[in-house]
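The chains carry the letters A, B, C and D, assigned in the order they are written, with residues numbered from 1 in each.
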Amino acid sequence: MVIILRDNPDQKQIDSLVSWLKEKNLDVHIIKGADQTIIGLIGDTSKIDMDSIKTMEIVEDVKRIQEPYKNVNRKFHPDDTIVDIAPGIRIGGGNFQVMAGPCSVEGSAQVLSIARAVKKAGADILRGGAFKPRTSPYAFQGLGAEGLEILKAAKREIGMPIVSEIMDISKLPLFEDVDIIQVGARNMQNFELLKELGRTRKPILLKRGLSSTIQELLMSAEYIMAGGNSQIILCERGIRTFETATRNTLDISAVPVLKELSHLPVIVDPSHGTGNARLVKPMAMAAVAAGADGLIIEVHNDPVHALCDGAQSLTLEAFGDLMAQVNKILPFAYKR
Amino acid sequence: MVIILRDNPDQKQIDSLVSWLKEKNLDVHIIKGADQTIIGLIGDTSKIDMDSIKTMEIVEDVKRIQEPYKNVNRKFHPDDTIVDIAPGIRIGGGNFQVMAGPCSVEGSAQVLSIARAVKKAGADILRGGAFKPRTSPYAFQGLGAEGLEILKAAKREIGMPIVSEIMDISKLPLFEDVDIIQVGARNMQNFELLKELGRTRKPILLKRGLSSTIQELLMSAEYIMAGGNSQIILCERGIRTFETATRNTLDISAVPVLKELSHLPVIVDPSHGTGNARLVKPMAMAAVAAGADGLIIEVHNDPVHALCDGAQSLTLEAFGDLMAQVNKILPFAYKR
Amino acid sequence: MVIILRDNPDQKQIDSLVSWLKEKNLDVHIIKGADQTIIGLIGDTSKIDMDSIKTMEIVEDVKRIQEPYKNVNRKFHPDDTIVDIAPGIRIGGGNFQVMAGPCSVEGSAQVLSIARAVKKAGADILRGGAFKPRTSPYAFQGLGAEGLEILKAAKREIGMPIVSEIMDISKLPLFEDVDIIQVGARNMQNFELLKELGRTRKPILLKRGLSSTIQELLMSAEYIMAGGNSQIILCERGIRTFETATRNTLDISAVPVLKELSHLPVIVDPSHGTGNARLVKPMAMAAVAAGADGLIIEVHNDPVHALCDGAQSLTLEAFGDLMAQVNKILPFAYKR
Amino acid sequence: MVIILRDNPDQKQIDSLVSWLKEKNLDVHIIKGADQTIIGLIGDTSKIDMDSIKTMEIVEDVKRIQEPYKNVNRKFHPDDTIVDIAPGIRIGGGNFQVMAGPCSVEGSAQVLSIARAVKKAGADILRGGAFKPRTSPYAFQGLGAEGLEILKAAKREIGMPIVSEIMDISKLPLFEDVDIIQVGARNMQNFELLKELGRTRKPILLKRGLSSTIQELLMSAEYIMAGGNSQIILCERGIRTFETATRNTLDISAVPVLKELSHLPVIVDPSHGTGNARLVKPMAMAAVAAGADGLIIEVHNDPVHALCDGAQSLTLEAFGDLMAQVNKILPFAYKR
């Protein structure tokens, strides 16, 4: 951490700041120049509150030079984390996975037919929304617990692990047979939920918030890992920008950045990231080329009559086509 | 709602779409031009899923022309909502209120001394954080239930109503004696929490999410009102932009926009909105001039040693000075 | 400047970097910790290219701790700059000015009637667009040189100084009798134009670019001042964000931030900043309360038939009303 | 275009609006519902000023349903435009090109050695900056005319066509032997420059502005095409968002969106788009996978000592490696 002092700082105040910093077991280095004095701090500054220091009269600015996350940091854990989802189904460390299925679970027949089709096309994990976060209280909110039961039945029948979104801690017991628990973009900073998931040993799919920085995503993963659960899959799903031609701006560069900063696997959601079925395929291909460890894609047997987000769902045929193309690119992807 | 068709649409598909729309009890008007066909829909389109229509082969785009919110809409409720907080303390409809206090509750003596000072300076409501949403799992997370008890004790002793943030449904029983329950920016789209608060009859302070549009804020308020609770105070607290000189960009224009679209009272948080104590006063003055119904401001007896967000907390003296200036502007504020 | 080195840096490379830095006449301080080494540089680092240093193998990051602007920096010029526009008409250092007039100059009668009305309401400077930057090549592009002549005639007849936008260096000779030359948001980083205006001694109204940071605005002002012209008025006019309820998000906090960082006067354009006539008055009031040195406002005698930007123009009556309200707030504004 | 009227509009005002619209040769369709009246307009609305209509008392909102661009619109020109750069070197319509070279031209030896290396690696077009737009007036501004001469000499010696940026109309004569004239992000809405380039018949490389929407980029291309020049290459180079881990957010989805909306070729600049050499390769691969028609990449023989933007320049070796990987992906790219 570096503290930049204002011009002509009071020496007593400097002394008081320095002794306060030394109490925190930090190495304190004062650099005095003709115009400017800066204080360099070496040691574990993760518990120092930058904001408090900023309020001091003699302080102009404070800059952190170390990342504020530890457990998820590749520096301290150079090897890729591999998340074990089910026997033979792993993600990260060279293992690539596609999760596919309907935005919302609408019924058993629907889920089974989509599951069989996506499995045939090469997806190994079934996604489906039972609890749906919807902007409007008047929109379909998902089948809830019944939806989860339908998914679990499909899992038993077809043998595909399942991923579904949790929206509230109180529903956690319902997710016992769910293989991957998804934390949605709107809950990325629901810290109480993150702490609770940190106490489980379940694989967690953590989606980046709509306006969250890469560092904040990693801090949210840190909440889970701080609880002892390192089975975390990060997911880029589009950020909010001024552009209106796409629902969000899918930040593909987050893939190589996250993989450099952290050891956790990173997947991409081109369905929510674009909000437009016609853009799902090219953006899935871009994600794979840039080195993503997987994809999560909305597929529907009848997008026109889907109860939610039909606009971004692929038909079964289009999904098969996407998988074929993705498999051609995969061997030549970045760092493969 | 207006549906714009692609060039040369298939007549059978048009017929099928039109009959589907008529089943929904909508007036359907087809306008055919040389180059383009559009379909105008009149009636209650709030339950029509735009996204599903967009996926149809013959459809190029769908545009909503009515607001998707009803209960919070000023069109259907022209008079200002007045929220009753405590005997003689109301907000909205010409009633202006200032909420002030520490970012975090740190102890009883701290809270009492700040409460007395802000009351003396003219604030009628005491704010204080017991449950704190912090980006880092290693940062101080608030005193929790104990913090709430300290606030309630201060309320009894000094006679000020209190406002504090809830982070999870399970903690709701602890908020029984809290006068205003705050939903923080990160929970603005925690829809399960909103639904639960809609079942209470408590005043709710709903903060705008960091990257939420004004319409999304109103939709979240609609969740609460749809449950039967209309005691809602909206709060602008800064949005995320590319600018880095301030922590967020305080969107003062949200005040007149929200007051035009909705009947709910609107307050502004210049402390979180700027992240910088030196900017709190000018931005508080701007908010008041633009017609805000109130302010919520962080004040600390010792900002340098505050356990969180010290950088943006005012000293007691600076807060007194702010109140004096705000009171001079208030009589000349917009629409007063 | 602070250079953060990667873990276990090569000592030879450190030596080579240090000797290169010393050649630049910088005080070099190496701080070695158990985990991390940082290099603190004291002296004039404005000519050091941070980007080049960042490419070095041993370097993890570089952070600048001094502002990159000098002439416009309040640190080196603590007193407010006062811009002299015409005899008795000054802006900055406590002098407040309102510039008002039509978006586009449409004809002599229009300009004269608006000019007389805004002057009567209290505006001392006449604005009017002759060269109009329009997104579409098919939109009205302004009357050009003829428009400037109409403005100049109004100036002579009514005795109001005028402000108008320049779009290309080649038109500079036409602006000789224009009192303030406006650089529009789209040209804020037209560096060739800025250099040329730095060679004049004319007052320049420099608008912030739609996605420009406050620091970039100051760097563009620095271009003009580096040429010897310090007669610069900064103008906040809204930035681009994800919000769609307003055309732009007017960043009122830019006013106190700019006035702290720089000695130049700062005005606000609530017309372009909101794109909506109904929001001009509350946002003008907010800007004044926050300490702006002036306003620039679009006024039209017939907004419905205005050839451009009618949506944000005030009627003459609404402008009179705005001026009355602004004058009530002005004495109580921030730092007045 | 659809005009949405306020509740209970005055019939006389409706009549007056309708007759005004009919004068513009538009088909006017009035749709009256119980709660709402809307007016549908069919015909060429590109010259109707939406903003003027919005100011009318009876009007609540106006929505455009047709794109405001014509010449660049794929609807009216379904076939891909192919830009002819030099004999045998074309871009678009299946022709893929890589432009590579130094950020700034620094000297003849530098340019020749880089040119030879990038040609050997497979780039067919040489890029190099002679006029450099720099945020700071104190930064190196490029060699100017001398830099262009060095590029032209390299073109003659090595036989590679060249691309370089123009910053001001007055320099146009110097670009006669430059094969592609680049309009930089900061000049994307320098409309005077665009008009002038529309009068030439030179290939133009038009970069997207930092905060420009895809529609605005197309409108700027429309300015050039309206002048008769259809030799335009569009370039995505990153947009400004809240994310700070990358200099800009490279909007890869702009590639498929632009190619759907327009017939013009689209290339991507991963060097400026990320600002970080380590991200250039994965993002180049992503761009190619998503269907880009080409890449423009900064390469330097000695990035550490480059006079500008060294941080994002690849070494010659890294560029060779990138080309090898890109060529593996190219045959499997989207729509290839």
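Rule of thumb we're sticking to: a residue touches a chain if its C-beta (ideal position, glycine included) is under 8 Å from a C-beta of that chain, and two chains touch if they have at least 3 such contacts.
Keep in mind that this is a model prediction, so the values were computed, not measured.
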item: Comparison of A-C and A-B (more C-beta pairs in contact); value: A-B
item: Degree value of the rotation bringing subunit B onto subunit C, based on Cα positions, nearest 5; value: 180
item: Centre-to-centre distance between subunit D and subunit A (centres being mean Cα positions), rounded to whole Å; value: 31
item: Centre-of-Cα separation between subunit B and subunit A, whole angstrom; value: 26
item: CA centroid of subunit A to CA centroid of subunit C, Å; value: 38
item: Multi-chain contact residues (two or more partners), subunit D; value: 211, 240-242, 244
item: Touching residues (chain side subunit C, partner subunit D) in the complex; value: 46-47, 49-52, 54-56, 68-69, 133-139, 141, 167-170, 186-187, 189-193, 195, 209-211, 216, 219, 222-223, 226, 240, 277, 303-313
item: Residues of subunit C that touch subunit A when the two form their complex; value: 2, 4, 7, 27, 29, 31-36, 38, 40, 42-43, 61, 63, 65-66, 75, 211, 240-242, 244
item: Contact footprint of subunit B on subunit C as seen in their complex; value: 211, 213-215, 239, 241-246, 249-257, 260-261, 273-274, 278-279, 281-283, 285-291, 325, 328-329, 332-335
